[in-house]
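Every chain is named by a letter (A, B and C) in the order it is written, and numbering of its residues begins at 1.
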Amino acid sequence: MGSDAPLIEVHELSRSFGGIRALDSVSFAVQSGERRAVIGPNGAGKTTLFNVLTGEIAPSGGSVRVAGDDITRLRPWQRARRGIARMYQRNELFAPLAARENVALAVSARAGPYRFVGAPSPAESAFADELLTRVGLAGREGVPARALSHGERRQLELAVALAQNPRVLLLDEPTAGMSPAETARITELIAGLDRTLTIVIVEHDMDVVFRLADRVSVLHEGRVIADGTAADVRGDTRVNEVYLGKVVVR
Amino acid sequence: MSAELLFQQALNGLSFGALLFILAAGLSLVFGMMDVVNLAHGAFYMLGAYLALSVVQLTGSFWVAMLAAPLALGLLGLILEPLLLRRLRGRHLDQVLLTIGVSLIVVDQIGVVWGREVRSLAAPAGLDGSVALFGGDYPVYRLFVIGLGIALAAVVTLVYRRTALGMHIRAGVEDAQMLGALGVDIDRLFALTFAAGAALAGLAGVVAAPVFGLQPGMDVDALLYSLVVVVVGGLGTLGGAVVGSVLIGPADTFGKVLFQEFALAVIFAIVALVLLLRPTGLLGRIRIAR
Amino acid sequence: MRRVFIWPAAAIGAAALVTFPYWTAEWESSRFATTVLRDILVFAIFALSLDLLVGRAGMPSLGHAAFFGAGAYAAGVATQRLGTDQLPLTLGAAALVAAALALLIGTLVVRSEGIFFLMLTLAFAQIVFAIAFQWTSVTGGSNGLAGIARPFLGGIDLNPPDRMYVLVSATFLAVVLLVRAVAGSPYGRVLVGIRENERRMRALGYDTARIRLSAFVLAGSIAGIAGALSAYSLRFVSAQDVGIGTSIRAFVMVLVGGAGTLAGPVIGAAVVLYVERILSSAVPVAETVLGLLFVAFVLLARRGIVGIGGAAWARMRR
């Protein structure tokens, strides 16, 4: 097995909306086990990129490969079955259902939907509760998602994604709207995830980026303008002008 | 089929299409603006026809009826929107369900007031004759309907594209919330739109009555046809109503002539085909409304 | 403690329901009551099947009568034209025909949601109505199929009204158990997930279009069985059974009774039939009353009678 072959390969990915080029020949590769951050100013195309990666939007050009397989034409549910899980920027939860039930739906996905008899297996329930404890929602398992606080909902959102037992985890601004304490907690949680999991994370919070990321890709107006280690990117002139808003004096 | 018959059927198809446009335009407009499919649209059509019946009985004039019925329906729409629909603002599916209830009430009350026998309405004097066309006689009234449809399409397009109201409507179709945020009185706009939709349905009822008569169940037929037109042509756009009616009108007419019993299966096939290829209709823009 | 009483109570209730014509034989209105109850139960089955779509899966179908009527026609045609008179065969045929129609229509409509879905189901059901109305050779056209003979179950003739009633009530109970099982199963929870957030379900790996289609076909088959029972009960099928009026009635039953619950559709069926059969003889505006009820519930009591009951219960316990 070629452990040097990248797990995720994005090649010349483009997507336009009317006259706007949301993605313009975006290319990058992510190694297995890597933590890659995608940063960029608002409107740079980060969420569009995720939507194309998960298959919710079709690209106008280019391709996406995961583990060597071209998944560009696959539907979202097919990609999920290949191990791609996503944490949405704006929570996509099952509002009236309890936290535990939200996670249970993710766990059950693997077993298939056409089980017409029986209650959820004890193993599945135990796994769901364990996952909820791991993300910090112990004791809140029975609370309906809409009754949870914003921070708790983000935690649940992460739990649901993890419950899919994915190979690739796409985190869309996981710390959005969180207090410093919640941010720290969820950052450590992500940092502690096993390296069998490959993570691509979109973030605005630079502290989180530099804590978590092995490599950083910078998007601006739909193009990748920098791609390197966190330290490289921090020192990159163009990135600083465009995004970090500083002028680096050498 | 002889050339003469072909020509006549073509005219029939066009007049039916014109009628369909008058009928479907209101439905499309209300959906485009308010994300509500007014399932009482057929009931409004029926009410327009029956009101015309009474107005003609009262005044002897079809033309007065053609004015009065749409006005009355518009008034009804102006009352119903704030009274019922506005309370469910944002709950699109529930609004649609509400219109079903309204439809049940309106249709039943029509039966109570006017009875449930088949009635007829004569075309107005001056339009009730035939004219010699290409070797056959053709009813003048149907030509009038074609003319009216085209004229209405032109007027509506003019209002839509060149007036302030039209601009508001177009913007509202695009994004009603944004429009509200910009300071436009959305409540009033919605009420007016719904009233206009009802008025157009009523007008269609009056215009169709001399051709199709009045009977129980006409509301269902009208609703079905307007839905089909709007689904095929594209929900929410006026252009869609035009495209849809131009397609479905002749298709239905020729279908009935050629296939008799299974004419509607032809329509079914068209609808199915359009949906498979373009789920939002030929010209449509669907926004997800839950 | 309450739980201990539920099963025995339910068993007693079920037994009482099925034997209704027998223990009310002395009543003056026994025949009439049995007939009304029978019709309520037929529509309760129909309403329960619609609720699978509307209440559980979040698929607001306004064309469900297409499958009810298809089942009714299938039973009628099987009995009258094909000479089949054994119940399992005719019921099976009804379910199969309804399922096939549901598969055909479902494939076309299942990728849409919300209002668009509602419109499409309406349109296609109306087209089925028109075909039923015009396909005189098979459906009897505007006259329908009359004088349908009731089938046999083995050697038992189901002609007598009390036996017909037992068939209907037993089928009703079976359907209740079925719907209850499906609703509580993992499949049932998947339907709820699709209702609450279909986008998320797709992201989790569920082929939601296909799952919705399966629900559509399941609901359609059950509706077909209700239709067959209707054909046998009334000995008559007409295009009205496929029509929009029937679809709307079922929808009113589900909403007024309480969508997404087991009791709701049943209560709704009882209410609607009460209005149509009993109230309408006193006041001839059944449709208006139903329309007003519907409007009132949509505006004020969206969760139906069961919802009102639930809220009252919650308030009492405080």
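Structural remarks
In the analysis below, a residue touches a chain if its C-beta (ideal position, glycine included) is under 8 Å from a C-beta of that chain, and two chains touch if they have at least 3 such contacts.
The structure presented is a predicted model; accordingly, all values stated were derived computationally and were not measured.
Separation of subunit A from subunit C in touch steps, taking the shortest path, is 1. Relative to the centroid of all protein Cα atoms, the closest per-chain Cα centroid is that of C. As a whole-number value, the distance joining the C-alpha centres of subunit A and subunit C reads 44 Å. The distance from the centre of subunit B to the centre of subunit C, with each centre set as the mean of the Cα atoms, comes to 32 Å. Note on chain placement: the centre of subunit A and the centre of subunit B lie 48 Å apart, centres being C-alpha means. Subunit A has no residue in contact with two or more other chains. Every residue of subunit C that touches subunit B in the complex is listed here, in rising order: 60, 62, 108-109, 111-116, 118-120, 122-124, 126-127, 130-131, 134-136, 243-244, 248, 251, 255, 284-288, 290-295, 298-299, 302. Those residues of subunit B that touch subunit C in the shared complex are 31, 35-37, 39, 84, 87-88, 92-94, 96-98, 100-105, 107-109, 112, 220, 223-224, 227-228, 231, 235, 260-262, 264-265, 267-268, 271-272, 275-276, 279, 286, 288-290.
The touching residues of subunit C, when paired with subunit A in their complex, are 181-182, 184-187, 189-190, 192-193, 196-197, 199-208, 211, 214. Interface residues of subunit A, counted against subunit C in their complex, comprise 54, 56, 75-77, 80-81, 85-86, 88, 92-97, 101, 104-106, 108-111, 113-120, 160, 164.
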